[in-house]
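Should a chain be cited, it is by its letter among A, B, C, D and E, assigned in written order, with residues numbered from 1 in that chain.
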Amino acid sequence: MNPYNYLYVSALLFTIGAVGVVVRRNAIVVFMCVELMLNAANLTLVTFSRINGTLDGQVVAFFTMVVAACEVVVGLAIIVTIYRSRRSASVDDASLLKR
Amino acid sequence: MTTSTSLVYLIALPLLGATILLLAGRRSDKWGHLLATALSASSFGVGLYQLSQMLNRPTEERGVSQKLFSWISVGSFNVDAGLLLDQLSICFVLLITGVGTLIHIYSISYMSHDENRRRFFAYLNLFIAAMLLLVLGDSYLNLYVGWEGVGLASYLLIGFWNQKPAYATASKKAFVMNRVGDMGLSFAIMIAFATLGTVSFSGVEEASHTASKAALTAIGIMLLVAATGKSAQFPLQAWLGDAMAGPTPVSALIHAATMVTAGVYLIVRSNFIFDAAPTAQLLVVIVGAITLMFGALVGTAKDDIKKALAASTMSQIGYMVLGAGLGPAGYAFAIMHLLTHGFFKAGMFLGAGSVMHGMNDQVDMRRYGALRKFMPITFITFGLGYLAIIGVPPFAGFYSKDAIIETAFNAGGVKGILLGGTALLGAAITAFYMTRVMVLTFTSKERWEDNQHPHESPILMWLPMAILAIGSVTTGFLFTRGHALVNWLSPVVGEHAESEEMLLQPMVVSGLALLAVAIGVAIAVMKYQRADVETVAPQNVSIFTRIARKDLMQDSFNEAVFMRPGQALTSLLVKGDENVVDGAVRGIGRTALGAGASLRKTQTGFARSYAALILIGAIALIAGIWVVTQ
Amino acid sequence: MTFTAPVLNYAQLAPMLIVLGGALIGVLIEAFGPRASRHASQLFITVASLVAAFAALVRVRNQSSVDAAMGSVGFDGAGVLLQGTILIIALLSVFLIADQENFTALAAAVPGSSEERESLQLDLRVTEVYPLTLFAVAGMLLFPVSTDLITLFVALEMLSLPLYLMAGLSRRRRLMSQESALKYFLLGAFSSAFLLFGVAYLYGYSNSVTFAGIQASITGGSGNDVFLLLGIAFISVGLLFKVGAVPFHAWSPDVYQGAPTAITGFMAAATKVAAFGAILRIFYVAFANAEWQWKPALVLIAIVTMVFGSVVAITQRDVKRMLAYSSIAHAGFLLAGVIALSKSGLDASIFYLFAYGIATVGAFGVVTLVRDSAGEVTDLNRWSGLGKRSPLVASVFAFFLLAFAGIPLTSGFIGKFSIFSAAYETGSTAILIAGVLSSAIAAFFYIRVIVLMFFKDPVEDGTSVVIPSALTTTTIAVTSLITLILGIFPAPLINFIESSAFFIR
Amino acid sequence: MLTIQTPEAVMFWFLAPLAVISAIGMLLVKKAVHSALLLAWVMITLAIFYIAQDALFLGIVQIVVYTGAVMMLFLFILMLVGVDASDSLTETIRGLRPIAITAALGFGGLLVSLIGRATLGREAAGLVDANSEGNVQALAKLLFSTYVWPFEVVSALLITAALGAMVLAHHQRSVPRATQREQAIARFRGASLGSAAGLPNPGVFARHNAVDVPALLPDGSAAPNSISATLKARGDMLESTQFELSEVDNTVTEEK
Amino acid sequence: MNALTSMMLLPLLGSLLVAVIPSDQTLRIKQAALGTTLLVAISGVMAWFKFDSANTSFQFVQIAQWIPSFGINYAVGVDGLALVLILMSVLLAPVVVLAGWNESEGGRWSAKVFYILILVLETMMIGVFAATDVFLFYVFFEAMLIPVYFLIGGYGSGERAAAAVKFLLYSLFGGLLMLASIIGLYVISGTHGGHTFDIGQLSELHKFMSPTTQNLLFLGFFIAFAIKAPVWPLHTWLPDAAAAATPGTSVLLLGVLDKVGTFGMIRFCLTLFPDASKTFTPVILVFAVISILYGAFLAIGARDIKRLIAYTSISHFGFITMGIFAMTTQGHSGATLYMFNHGFSTAALFLVAGWMISRRGSSTIADFGGLQRVTPVMAWSFFIAGMSSLALPGLSSFVSEFLVLVGTYTRYPVAAVIATFGIVLAALYILIPVQKALHGPTTPGNENLPDLNLREKIAIAPVIAVIVALGFYPAPLLNVINPASAHVLEVQGFTDPVPSESAGK
């Protein structure tokens, strides 16, 4: 088996995540889709790390996890704030700003 | 060529008068007319002085020039402000200043009741200056300055009583039609510069010996166009009748004696061009012939005394142009007719002015009649002029007109017969309509309105008339003694070659002319002296009369061919500018706004569609990669 | 197993460390400081750390090294200039931020609730914005000097997270403000996922995460370019998102409008400098040799961005949205500097960034002054007749607009000239023409605002120009002065940039 | 030289489709909680992949930090905003659904096709050498030497996150908390002594014991302040008159 | 100090002086403005006398580094062409101030602002003609739009705001195209001997350009100038602007600003791109001829007196453009002289029209009637100005118009012939308003209009004096212009066509 297969999986997961951001309305699910994209990127990194025989990719993936964790904190805080103001977590409802 | 330092005074004096009077304004009301008359007279004096100087010199040194300063000098285009006084111009100088001064004198009295008399005199002085510049300029461009200057003065004087809208329109019409002619002069100068490299008379003359016929023909035709504008020749004749809106002295001076003859001057001055360009010359005679008939026909139908005289002027200038178009044989006769015409026509106009003065400014001849008794001096002076114009010997017109008719017959071949016949027929019609004027005004029954109390004019008015009448009696005789004028002018216009083969003997021509005159006079006398004349022009007249009354439809023609389409074009362009040109610009603005408004809709406010946009962007990028890595 | 201790050049890292230190002190003040004096002390700490960071930067301005932090940070002339620009802009923005009228009293309180009313009455303040600002500044300082992809990614997040938060802290129209925070955050996270994906591919392609390593692989690599191009493409998505290039721009109008104006100004100016700094470095250092692959796409994006920003701005009715679209258009102009890929392109970009950043802060500073009883008035219709109400403020704003439009005798003109000539110099005729045309379109809406302010009569609807605080005055005065001086005597700055701007490889 | 052993291949072909299907499922299920659980499953799968690819440390961290902590945080918040809330999957933005499907196919297709086309020009190396001292040790070495600066900087990121969460979530007290003494005084100084002994619970003395039904006071009148303020704000309070006792015997009978 | 620099500084100092006078002392402000412009006029005349007309190189040269890294200098100097136009500008300025003594009072802002704008504009007017550095020229070219914009929009009448915007957008659009060309030049200069904007060095550059490049760069410049000079069909801003602006502003706008367009055609289009100029000459001549006739027809159809004058100017600018592209010494000198003369005759027309309008309260020609009897001096002034406009021999415009026609005829007879029809139309468009407004019966509403007062007489007298004097004696100007235009053509490699039939050749 070729390690590239992991890359295909990762590409598919990334695609699914990206499309999820577009199709789902619940802000939390949207955000989860972003997490899926980050994870897909991480899988690519780990796979390349294996292909290249260096650990830098894993380091990047590690940083990604840390950064993602921070992002989750901030993001969820924002989502909760919005939810408290609007009693809704739908990203479509937040569309006062337009045109 | 002899140089002189005093030529400029000829122009400067009247110009000074005009400047002082216009700048001083109402302050000069009291003495303005006197100053203007004095300056005009002194200019005449300078002219006489120049004449005497000229006579003292041998024939070939009679021309005098004065270079004032370099006027325009760009590259090879060098035009000096220079003056040239030769045998041709001195005739004009004396005519302009002499007749001009007389008319100044006449106007002192004629305009005495007008509160703007000072302004009138300023304009008169301005005219004299411009006209002198026209005839004294030593190049076509200098001539052009005077040419337009007289146009301006004419405009101002025709519109002197511009509070009447019709008069204001008449002045505008005169100016604009003159400009059409001026355009011809512009073209002529441009062609001359482009082909001959110079615009001075002497330079063009020198170059004309070697230049191609085509170039000279082009210049000649353009000069003819210029002449038709200024001299009211066909087809630019329409303004002259309306120009009678000006005060009568103006009509006498500008629209009879001097300005309108500028075209003849131009053609004669450019003799070297026309002599070398037969086509242009042929056109000149055709224009002259048409105009002389045109004016004559119009003259028969006019009831307004001034308009009748104006039509006559047009016709007489037609004679001159015809003469000038006949080449060296005719130049001198054209000038001679010009000079004699200057006397008798000016005298007649002043006479008409005198009649109007006495008849409470009535101009309709159908309201005159039997004035002979009340205005004897006017009658006599007018009558002498009348005899001169119809060509009764020994009055001046006989000599000059007869010479032209004779030369026309001698032009050779069919051309000669046609031209001579036309001139002869013109003479008959002239006799008819001039007799009609004479009869309606002075000899027929009274047809006055109640408030008219005819009386003779004061001396300041009749004196100039008398002097001019003397001129119209004697000049013809004087000019032809020993071919005086012909010989005088020959250094400028070329030797007058007696044609070897004459179609008709001079005596025969004179006889025919006299016969024609007699027929014309007889018809007019029968028609107007014997019969009662209605005080209102009858309407049930033939179509020809109606057309003649309408100046042979000249205005209708201009209106239909130039004015209406011009107005339509103007309003079309105005709308087009608003909607098409500016509309296009605004359209671009609107397009940008529209694009902004529609692109703005991509900003839906939904975060998900923004994400979709980013995704699409990314897809586009990797699609590009997909393509380039194929 | 051997371990060599890392060596950090603290002098060169000092500006960032000082700012981070200031931020940490700020956090401590939040935790322990007395509430009454928090605002003053926070402001003091913030300003002091920014000034100190600038001083530290000046001290090392002539140094350059690839090894400032074990290959993660490249310290060079361009970096110094960009960091200096960011610090100056940050300092000027902090003066605007210090006007707490902009911020909510209590972010946790539900809009319209009694808790919000109480907190307003008590005059509570979200003094956390100061440390947040400093964190963002630290991220921005790091962003353009990052020389490896990890640091780049971390710096990106570091500058973004505080901005996400601060966007939601507006005092008025809080629903909009929170919405802008949500949008900014979601889309920002989305785009940084792309960036990370790009990092992954670049790592795969080059077996290195440093710019130098990538550059070496491009010249010496033996495989095909697919992973490289995927990497460049996805990284570009992340970076272009930050600068607001079309089609990754959609967040910016909404966020600019919703965020507190002072933050918008800071974000618009400083983020643009930082992000363009990073773009310049990565494209000039890492991707330069793959020029022929990425240039056409970037040219297209630049043109579309210029034209789109200008065209859409015409129809805007809100001053902040209009400035947002204007900043999109300017992003297009700035991309011309990236495309130029030359020394003069770099110089021009840096000058443009400085000039544009300064003018932007000033313009948003003016926007904060126009208010009614319910807070800032950003509806352009209500700005009509501003020239009558307050000629000075209107004139200053008009001056900034003219600078944006690139009228001579303003900094914007010199910037526009230098950046377009740099682009044309390297053969981008299309950029030049598109730039000129979109500048013409852009002039349309800048002038529209000027017309509105000066040639329309004021509407009596309570809109007024408040007397600015001393700090706001300072910002507006300094920014307009710099904009003018750079328009008339740009030579010193240009010379300085020219002599010192370079990217160490 | 990297060779992939059959067990790994088997594992891959078993787990990878599952992961992809779960991910797709994440988009298709209505309830957010289900999405979260499916995502957790994908993450666990990835953790297994990491471990299979010699990234032991990351695999563990993935499970412990990502799946364990981060996903739990998600679930927490989901609970907070209403765990029952389910998304309607009908698309409300016109034209977005086809765009999304096209995008999915286009993006995925292009990406897969491009990866298929990609070559690196070098053999896959495997991590045997790099991990020779142990994966964790090798990572640590990199992290604390080469990548020490980003590592340090990430700390700032963490502080930012904490600070941010605090800014948005922390309710600053607008008035100092009343001491017990102050509370007692306030209670007794109040308008009625009814609340002196604390507020009644909802449903007390009523014929209904739901939380949204006000309590009845001893005199039979309703006590709206027995309902939670949140419910009141939502308007979820039931009218209590229907539960009032129509006949209340107010006469006090003395029991002797 | 350098004559030109000091001439440019004087109005700037004057504007500072005006700025410090309190706003309510209107009279002081006006006096200061008048004094300044008079001083500038005097120094202009002094420069005129110091100028050595035999020397075809630039004189009063001053060069100082401005932005050395772009090769931009503050470089000023004049040849005959520029000197004539500067002289015209500085002579017109005091006339405008004096004539429009009360113009500032109907404005949106105070008189102070009005005169500051006027004085700043004067500086730029001098600068734009004096600049020998293309960049410096561009700076003045664009920057001078701003004061004019505010002068129209702030002090005009009617649709002033819209007209001002139209003016500005049109001009900015052209300016941006020119900027593109300037950038092109700059870049090309960089590859051939180093970046420079010096007009002398740039004029050598065309040798290195491909025809396409040269054509495109030429078009950039030409379109900008064609908008400025209004050449059909880029003229539609002018009537609106002229109708909305105050008479004084219109004088500066049509008399001076628009000349920048025709000046630029000679100074830049011809000098920098001789080959492209030749290529485009036929097209440009067609546009010029259309302008002549089109402007005249629209003038005939105009109902508003200010629009009428504007349209006549379009016609006149057609003549100027035609003269320039005739490529003969007569055409060039004529065109240059035409610029000067048009400045004065249009000034006279606009100023008198302005007085008529302010007295009558209407700018519709039909509202006037019989003014010659009521206000003879005013009517005469208008009449003389009109006569000059229709190029009556003896007045200044004749010389120039005729030179243009003659010069064009020698090379392009067809264009000249068609253009000559313009002189008939000119008679119509001048005499129609003269007849309607000055002649005819005095219509109601005009009976009691006051004639010109002493101030107005003093203002108009020198203008009319110049018109008359130059008509009779244009040599002082031609002597200065001729060497300059001969030099331009010589550089171009043009020699005047030899008369085709000249004797002895």
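Heads up, the rule we're going with is that contacts are C-beta pairs under 8 Å (C-beta built on N, C-alpha and C of every residue); 3 or more make two chains touch, one makes a residue touch a chain.
Fair warning: this is a prediction, and the values are worked out from it, not measured in the lab.
S.K.: Which chains does chain A share as contact partners with chain B?
M.R.: C, D
S.K.: Would you mind checking the shortest number of contact hops between chain B and chain D?
M.R.: Minimum step count, chain B to chain D: 1.
S.K.: Please find which chain has its CA centre nearest to the centre of all protein CA atoms in view.
M.R.: E
S.K.: State the pair with the higher C-beta contact count; candidates are C-D and A-D.
M.R.: Most contacts of the two pairs: A-D.
S.K.: If every chain is reduced to the average of its C-alpha atoms, which one ends up farthest from chain B?
M.R.: Greatest centre separation from chain B goes to chain D.
S.K.: Which chain's centre, taken as the mean of its Cα atoms, is farthest from the centre of chain E?
M.R.: Most remote chain from chain E, centroid-wise, comes out as D.
S.K.: Give, as an integer number of Å, the spacing between the C-alpha centres of chain C and chain B.
M.R.: Chain centres of chain B and chain C, defined by C-alpha means, are spaced 78 Å apart.
S.K.: What's the distance between the Cα centroids of chain A and chain C, rounded to whole Å?
M.R.: The mean C-alpha positions of chain A and chain C differ by 25 Å.
S.K.: Please report how many Å separate the Cα centroid of chain A from that of chain E, as a whole number.
M.R.: 65
S.K.: What whole-Å value do you get for the distance between chain B and chain E if each is reduced to the mean of its CA atoms?
M.R.: 37
S.K.: Touching at least two other chains at once: which residues of chain A meet that condition?
M.R.: Touching at least two other chains: 7, 14, 17-19, 21-23, 25, 30-31, 42, 47, 49, 51-54, 56, 59, 63, 67, 70-71, 74, 77-79, 81, 91-92, 94-99.
S.K.: Of all residues in chain B, which are in touch with two or more distinct other chains?
M.R.: 589, 600, 603-609, 611-612, 615-616, 618, 622, 625, 629
S.K.: Mind pulling the residue numbers of chain E that touch at least two other chains?
M.R.: 169
S.K.: Pairwise, which chains touch?
M.R.: Pairwise, the chains that meet the contact rule are A-B, A-C, A-D, B-C, B-D, B-E, C-D, C-E.
S.K.: Over in the complex, which chain E residues touch chain C? Could you list them?
M.R.: Residues 65-70, 108-109, 135, 138-143, 145-146, 150, 153-154, 160-161, 164-165, 168-169, 172-173, 176-177, 179-180, 182-184, 186-187, 190.
S.K.: Which stretch or stretches of chain A touch chain D in the complex?
M.R.: 1-9, 11-20, 22-26, 28-29, 31-33, 35-36, 39, 42-43, 46-47, 49-56, 58-59, 61-63, 65-74, 76-81, 83, 89-90, 92
S.K.: Which of the residues in chain C come into contact with chain A in the complex?
M.R.: The contact residues of chain C facing chain A are 107-108, 110-111, 149-150, 153-154, 157, 161, 164-165, 168, 174-176, 178-183, 185-186, 189-190, 192-194, 196-197, 199-201, 203-204, 207-209, 253-255, 257-258, 321.
S.K.: Write out the stretch or stretches of chain E touching chain B in their complex.
M.R.: 169-170, 232-233, 235-236, 294, 297-298, 300-302, 328-330, 333-334, 370, 372-373, 376-377, 380, 387, 392-394, 398-399, 402-403, 405-407, 409-410, 413, 416-417, 420-421, 423-424, 426-428, 431-432, 434-435, 439-442, 472-475, 478, 482, 485-486, 496-504
S.K.: Under the stated contact criterion, what part of chain B meets chain E in this complex?
M.R.: 22, 25, 69-77, 81, 141, 144-145, 147-149, 152, 155, 159, 162-165, 168-169, 171-172, 175-176, 179-180, 182-183, 186-187, 189-191, 193-198, 206-207, 209-212, 215, 566, 569-571, 573-574, 577, 581-582, 584-585, 589
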